[in-house]
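Have a look at the structure below before the remarks.
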Amino acid sequence: MEQILANGLYLGAQYALIALGLTLIFSLMNVLNFAHGQMYVMGGFVTYTVVAQFGLPFIVGLLASAVVLAVIGAVCERFLFRTVIKRSKREESTMLLAAGIAFFLDAVILLVFGEKQRGVPKIVDGVFNWDMRLIMPYDRILIGALAIAMVVGFILFMQYSRTGRAMRALAQDRMAAQLMGVDVDRYSMIGFALGAMLAGIVGGLLVTITGINLGMGGPTSVKAFLMIMIGGAGVISGAIAGGFILGMMESIGLTLLAAYGDVTYLAIFATLLVFLAIRPQGLMGKPWG
Amino acid sequence: ENATLKIGFVGVTSGPAAAWGISNQRSMETRAAWLNELGGVQIGDTTYNIEIVAFDDQKDPKRAIAGMEKMAQDGIHYVVGPNVDDGAAAVRPVAEQNGIMYFPYAFPKELYTAPASNAILGMVANYQSGPAIYKHLMETKGVKKVAFVAANESDPLSQRDSGVEAAKALGLEVVSDSVTYQVDTTDFTPVLLPVIQSAPDLLVLSGVSPANAPQLIRSARELGYTGLISTETAQDAQVLQEGAGELANGFISVGGASTPELASDAMKEFVERYTAMFGEYNDESNTKVYALEYIIETLKANPAAIDNVEEFKKTMDTFEAANPFMVGDAKLTYVGTSSFGQKRQVSVPLVVNEFQNGAFQTLFVAKVD
Amino acid sequence: MGQMLNFDNVELFYDHVYALKGVSIDLNEGETVALIGANGAGKSSILRAITGLRKIKSGRIDFMGERLDGTAPADIVRKGIAMVPEGRRVFPFMSVKDNLLMGAFTRSDKADIARTLDSILTRFPRLKERYNQQAGTLSGGEQQMMVIGRALMAKPRLLLLDEPSLGIAPKLVQDIARAIVAISRDEKVSVLLVEQNSRMALSISNRAYALSTGSVVLSGESKALMNDDRIKAAYLGGEV
Amino acid sequence: MTPILQVKGITKRYGGLTAVNEVSFDVAEGEILSVIGPNGAGKSTLFKLISSFVTPTSGEVLFKGDRISGLAPHQVARKGVVRTFQETTIFRSMTVRENVIVAHHLRSRASLLGFFLGTSLARQDEAEFGASADGIIDFLGMGAIRDELASNLPQGHLRALGMAIGLATNPRILLLDEPFAGMNHDETMRMVGLVRRLRDERGVTVLLVEHDMPAVMKISDRIVVINFGQKIAEGTPAEIQSNEKVIEAYLGSEDAAIGM
Amino acid sequence: MTTPKIPNSVPTSFGNSAASRPGSLGPARLAGVAAFLALVFVAVPLGIAASGRWDFYYTLTSVALLSIASAGVWLTFYIGRINIGQGAYALAGGYVSAVLITQVGMSFWLTLPLAGLACAGLAVLIGLPILRLRGVYFAMVTLVLTEVARLSALALPVTNGAKGITSIPLPGELSVLGLTIIPDFATLEDPKLAFYLVAVALMCLSYLALWRIVNSRLGHLCRSLQQNEELAASIGVNTAHLRVLAYAISSFFGGVAGAMFVSISQSIYPSSFQVADSVNFMLNCFLGGLGYVFGPMLGTLLLYFGWDLLFTTGQYQMLIYSSAMIVLMLVLPNGLLSLFDRKGGGK
């Protein structure tokens, strides 16, 4: 039992961080960022390069991931999404663009970082073992704690900083935010960069545990979509809740349903469909039109 | 000027599964460049330069068919690939209609058993390596109970099923065989917990991808598992080292078809040339270099096969040539009679490795018939 | 009393809709000017043109002797123009406090902001009571108070109000009208007021313009307009 | 004569808020009845209840004696109770004529499959709809903008189009939510005339919500006044204008507005 | 009596050719249709025979089949829903056909419509709850649906799990009253041409159906739904019913395309249609243009051929392909066919 909860919490923390970036971008620009998973992979590879290739400390790698992804996010917003949003008749056109960017990043990652699985050495060794009731390696505890710290940091930033407030205002009412003197273009760009950065940071954090490879992008995006559907798209608390709920469901499902074979994810999906049929806007979301 | 002999490759070289096809394509290109540098290959009275025509099927069976059509269009009769079960099955009609021999890296027996006759398995299948490994471990390590985990995808699942079958046939007790995971799992602890609790002596990671292997090993060890861990697929030593470090020590896997003890000078040169061309070597290419070699050598043995695969098939039964990549007097021959009832498999040595401190050491070498 | 805003022969389009057909209005320092007219007459469009939310096609807009059109909305706020938009547009998932602080987005002096915040909370005690409540759950009247407060947080020299009485019960309309008068008097803010409730608008403004389908049809002292028969017929709904 | 529409003690609560509270009134066939009241009083909600876009918390609406509360909106529309929207709701990327033609849906005799196959009945239907749409468009004086894209229309025409859509469904009762908003005095008076003709020539019963008092007073046979969800008065225009409660809650006394 | 004329400023049909009336077959349109039919049924086979590029048969067959599935996706766009789940129905259709052929021994030609119908039925069941969702929610749910289909194919006994169904026989003879309409494919020298002809015939039928839907009352109602569901309800449209109907038709197309593919590859695996396919179906629609019936056909042609043409660029294939897609999006965010708008629309 303790083990299930701990696993769920650890998974939930990293999921929440992934979902946060996605939901931030969605709330600011109404863009469903298909390339989110690829950005995560990119972050992993940057940290890998800095840590394993250049031999620099892990924290430097993490910072590098953050910076590189923030720049990529900013560029995507400034030169791609902004133009397409202005020119297209239907909002959904951004989906094609996002998918194109996902393919593009996949290609770039393949060319730059290669097709192989990469990993960096463990940052801390040892395993926490409480009487066989709860087993958790220390590096996972550390990463989980870091992820939770970042989620908290992000919430505080959005809640109390000027920039955070501006972005929340932007998400709630673009026009009113403009009237408050918020430069909407600039803050959209910052928001997009921030969202991409979060994806990159998760990639950098997890490369120490799961390693990274080209194939992780797509499935990560799908999982992130799941989370924001559970919690409600475009709502920060929803993303966090969605992340932790999915983490718990996975942890519980894998333990309880192990005997039945391959059904955990089917069960999760089925639950989700039923849940959305009852509550189309997710846990905390607003109905979307 | 030499004539050109085109050899095809249809497989996945982009997207998530790029690793599988890329090692294929690169080992073919390395070998072709090398042969051309030596003045080409003489088949019959003609000397040919080898040209590799590669098609990226994006791991999509529908695209794989298009790739095979493209090969047919180019007048190509010998194709390496595809890399996965569904692609290999999907191209079968095209290959048969257009007279193409193809060398899939996929295990379904129907591909190689009559009435199918155009596919040649390019490596050792898990249902061949599995029993060999289990038997070895039963004899040397006293293994009695075995557990299987596999990713929830076609290839690994069918490999698990045949592994379970083989283990039962050997009289092993299978204590867990229903646990699966999504390939994108980031934490294997919940996945492995019930498996470890079933207390096996041997944990088999069926069809595990290089990406998942280190994590699975790590999780199992961190959960306190002390038994043996093995897989029937090839792995990358560096990936294991980066991903699991010393926790991966003792991990048993099927190696590329060449270990230091077996590798000839030609294999060493191949590795050098590959590294020079593409920056980084991939151990799997030890196996994947063979397909091209088999094609060329068989054509040399029967030049009439150059545009007639029926001739090729005839030659296969009796074909034998020197194996340049192995020391000693190893031979290139076609095998597979016991698995498929006909010779539809290249003979590469089955090398079983054990991971120790960042490198593979040969545990034993066997042959498939 | 110097001229503050000059809106000169402005034309404005929405795709194919010709919304402003050469409108000229002006406003002096300290003055309250009302814009009245039917729905779709172009009143909001004038405000959108001033705040830069919508580009004008031709004509020019000057504020304090500087050209305004072509400036980005954020910079226009910095110049001292704040707007209460049509339909209030609160940030529904933010607290009253954060909504008000958003109003001071262009200002950086923390102490000064705190002073302004204090004075606004003193002026609208209801907001103090609801300080940490989500703005979306406020009643319409409270929301209207809040967005006026939010606009004042920018310490504007010119306050643009778009239909502050919309959705407000008649009693609250009076409160708001009183607040507008008090603000323009106490804070030395000029006010450009767009109103459907022409009676209220005319009673609290110095001058007024009446618009119809994108053109100014009448203008003058509010008191005089109040007794103008045409205005009575078209906007005051005759004798009720 | 039984009333064509009966609203019986209808109540709608949203969470803690009672938007409409125990409202009852009858509407006679061929009557023009206005509902007035301050913003947020519950008028639009009342219309939504009658057209069954929302289900009442309690109470019911009867149309020709049959209960229609609880039916799906399209079923109520099918019976002849049709609502236009307060917001200018139209199909934005269709032309005026397409808007009106599509709104003839209820009158189709051919099935969707029939339309797909283009049976003669379907073609007959289409032809009729076209003709009828042209009739409605001319009736409302929109002939000149027949082929204009709806999203390009000015405010006033949007209202008219909304009404045309309502008319196309061949309603027995038409619910108009603020049909005169966005119109100048002249336009309003023309529209008033139209609504009258609608009743006189087509026998349609009209319920309307409107803030334009001169128009309301001119057009209505009867007026119902709502405040904070409750009915506070009901009567002829003359009665309502002199009702103290109404003046206090809605119309306002003149010097109160000016007295500052 | 005049049939209603829908003015050409509303892009509902290919090219918006000024004189045409979408509801009926005017001479200009008739000529266009004839030219198109001649192109796909005569010119293409002749061209291929002349050039010897036999591989184009499969490429074009794929384009035809994928464009059928895309047409379904387009129809869900038409009711205002973003559908990234067509892969699920293609897979389901493929399995229905494969199972019926291999386990029941049914003729392929019978399984083809059955696969479509089964998918339509499935779509009704799934659509009833999920069609209440809108916007990105619906999009994300359908994306998940593709994954559900794959996992189900792995888990269900009838699909033979991970091993897939292989060695499916080629389509047999189709005869009506003893008259052979389509010969047994196994007896053909090379079934490529036969598959091509069947696929384009299906494509033509599908697009004819789609075009009829869009230009009949059903299409008008779908558009009304797309633009304003509340208003549609108030004019008496049974919106829930219509949504499910459109979704079922859409899935029917998906199922038919999937079944047809199975007969070509003679095998099916849980991974035969995956998320990537679903995304591609959606992209085909976007790329061609959501406002045009023939958009998905053009989009499929371009995306599919684009990839094939870039096959010589080796390791840069993906990079060039995705860059081209991004550039296209920047230049023509409303789809390729919006080019015609500027020329023909004349506003």
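As written, the chains take the letters A, B, C, D and E, and residue 1 is the first residue of each chain.
In this section, a contact is a pair of C-beta atoms (placed from the backbone, for glycine too) under 8 Å apart; a residue touches a chain by one contact, two chains touch by 3 or more.
Remember, it's a predicted structure, so these values are computed and weren't measured experimentally.
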Contact-graph separation of chain B and chain D, given in steps at minimum: 2
Set of chains whose contacts include both chain E and chain A: B
Shortest contact path, chain A to chain B, counted in steps: 1
Distance from chain D to chain C - Cα centre to Cα centre, in angstrom: 32
Inter-centroid spacing, chain E versus chain D (mean Cα positions, whole Å): 42
Averaged-CA centre spacing for the pair chain D and chain A, given as whole angstrom: 48
Chain C and chain E: spacing of chain centres that average the CA atoms, whole Å: 53
Multi-chain contact sites of chain C, meaning residues that touch two or more partners: none
Overlap residues in chain B, where contacts from two or more other chains coincide: 14-15, 152, 157
Interchain pairs in contact, sorted by label: A-B, A-C, A-E, B-E, C-D, D-E
Interface residues, chain A side, partner chain C - complex: 162, 165-166, 168-169, 172-173, 175-183
Complex contacts: residues of chain E adjacent to chain D: 1-4, 6-7, 9-10, 23, 209, 212-213, 216-218, 220-221, 223-224, 227-228, 230-231, 233-240, 245
Contact set on chain B toward chain A in their complex: 14-19, 22, 152, 157, 178-184, 186-187, 189-191, 193-195, 209-211, 214-215, 218, 222-224, 236, 238-239, 242-243, 245, 279-280, 282
In the complex with chain A, residue positions of chain E that touch it: 77, 82, 126, 129-130, 132-137, 139-141, 143-144, 147-148, 151-152, 154-155, 275-276, 279, 282-283, 286-287, 290-291, 315-316, 318-319, 321-323, 325-326, 329-330, 333-334
Partner chain B, residues of chain A touching it in the complex: 3-4, 7, 10-11, 14, 52, 106-107, 110, 114-122, 127, 129, 132, 135-137, 140, 206, 209-211, 213-220, 223, 250-251, 254-255, 258-262, 265
